[in-house]
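Notes to accompany the following structure.
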Amino acid sequence: MPPFKTTYRISWVDTDAAQVVHFSNYFRVFERAEEEMYQQLGFTFNDIIRKYDFWFPRVEAFCKFKAPSKYGDVLEVSVVVAEIMDKAVKYGFEMVNKASGQLVAEGYVVVVIADKKLGKAVSLPKELIEKLSIYEES
Amino acid sequence: MPPFKTTYRISWVDTDAAQVVHFSNYFRVFERAEEEMYQQLGFTFNDIIRKYDFWFPRVEAFCKFKAPSKYGDVLEVSVVVAEIMDKAVKYGFEMVNKASGQLVAEGYVVVVIADKKLGKAVSLPKELIEKLSIYEES
Amino acid sequence: MPPFKTTYRISWVDTDAAQVVHFSNYFRVFERAEEEMYQQLGFTFNDIIRKYDFWFPRVEAFCKFKAPSKYGDVLEVSVVVAEIMDKAVKYGFEMVNKASGQLVAEGYVVVVIADKKLGKAVSLPKELIEKLSIYEES
Amino acid sequence: MPPFKTTYRISWVDTDAAQVVHFSNYFRVFERAEEEMYQQLGFTFNDIIRKYDFWFPRVEAFCKFKAPSKYGDVLEVSVVVAEIMDKAVKYGFEMVNKASGQLVAEGYVVVVIADKKLGKAVSLPKELIEKLSIYEES
């Protein structure tokens, strides 16, 4: 399956005094793409929270910053479901400068499915696994 | 009474591509000072939330940006209680570059006391009024 | 002329522990809309910076927060050119919850046109005035 | 050598709708600690930028999030110089909840020394190596 793709235009506030995007913001751009992927799959964090009283804390995040990006740059963000574990999902992501084709950042995030009331990680609901498997890396 | 004072050192992430602090961040620096003022007065947002189930949504925010500030600058932030209304408090703030003495920003924020369960503004508890009046402008 | 309009979907990172958008982020959402307006008018901050060596510091910002917004909410953001002064532009903005039609925030920002080398405000170039007047409030 | 240590109090704006610190903000808290370490070593980003026309882009960032932290929590942040390479430095960091002693986050960041004019990575100046070696892990 091809990865989920979306675009993000760098805003002034994303940059820092080096006149490039602050490294922490790539993680935020990735999360925004993850949110859009959920939405395209037909659910949102909110649905999950309401239905199951689950939420999605991150337990690990990694990123390699390959090239700077600047105010106004449009990034193409790809998200893949790299691994579905019993109680967690690993998402891989890649950001490419749409104009130049240059790889800007690549990384991953491991997200745990946590039951708010129990206060601990739980197994992914089947409907989630089915939906996420659409973007599973083969 | 003299205003509550604290200092804040500009971090790299506070700046933008103009190599100065992004205007939205002055509101965040002010809020941090407000939090420190509460703490010095012997309570925190958390105490209020726990005890009264209140929280403090902002209904108005204003700032004049008088001079840019840069990475590494140390700002002296002053907070005054400009007005205690029945269900709201108006805080005035001022930020001065500690090295140069230059006025960097001045503004105000109006904070409402809201009951989480009722979902509406309520009168300030007496103990809050007493504590806040320490920093009330005369 | 009708105002410039765009939409913005609230991301998880825009929210705070009150489970609503942090007030400082409305200023960022507005700025993003301003950037999109420039782009629709056929120029970007970058063009201006390159051509004239100008940039756009904010000297004043004001916002009334009328209703909270939450993760996943889609805001319709309207931008008007409220006043074109000799060396500054005042933009008015309004954000409405697209699903409910409720007014979320309204405010303004005063932006100065500054010459980077001279380090001071300068008169707006004519081509800028012409373009901005498209969204001038009548 | 013991690591460089500093503390950071979680501000309201650091949290998200899960009522805990947003994962991206741990990277910002780390960077703030890095800045304070430089300052204690007797230099700042600014000094380096001015003297050498160098800046410090990050090429890699990793973090494990071990426990949530909340508004008002005080974190003790430790920074070690994990590896000094020819043209890069790897910093390791750890954040511990000061009240509970619980490990909140641990990770690393790889920072490249880049010449602004050349637009590429360069060897670390000797004075930098000497200073950083104070916090080198043994």
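Think of it as A, B, C and D in the order they're written, each chain with its own count starting at 1.
Assume a residue touches a chain if its C-beta (ideal position, glycine included) is under 8 Å from a C-beta of that chain, and two chains touch if they have at least 3 such contacts.
Everything numeric here is computed off the predicted structure, so don't read it as measured data.
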Ask   = Among the chains, which is located farthest from subunit C on the basis of C-alpha centroids?
value = D
Task = Look at the interfaces B-C and A-C and say which one is made up of more C-beta pairs in contact.
result = B-C
Ask   = Taking each chain's centre as the mean of its CA atoms, how far is subunit C from subunit D in angstrom?
value = 33
Query = Any idea how many Å lie between the Cα centroids of subunit B and subunit C?
reply = 24
Inquiry  = Nearest whole angstrom, what separates the Cα centre of subunit A from the Cα centre of subunit C?
reply    = 27
Note = subunit B residues touching 2+ other chains are 12-13, 20, 24, 28, 31, 70-71
Query = Draw the chains as dots and join the ones that touch; what shape do you get: line, ring, star, complete or other?
reply = complete
Remark   = Per the touch rule above, subunit A residues touching subunit D in the complex are 18, 20, 23-25, 27-28, 31, 55, 57-66, 68, 109
Key: Touch list for subunit A against partner subunit B, complex   = 12-13, 15-17, 19-20, 22, 24, 70-71
Remark   = So, in the complex, the side of subunit D touching subunit B is made of residues 9, 11-13, 28, 31-32, 35, 44-46, 70-72
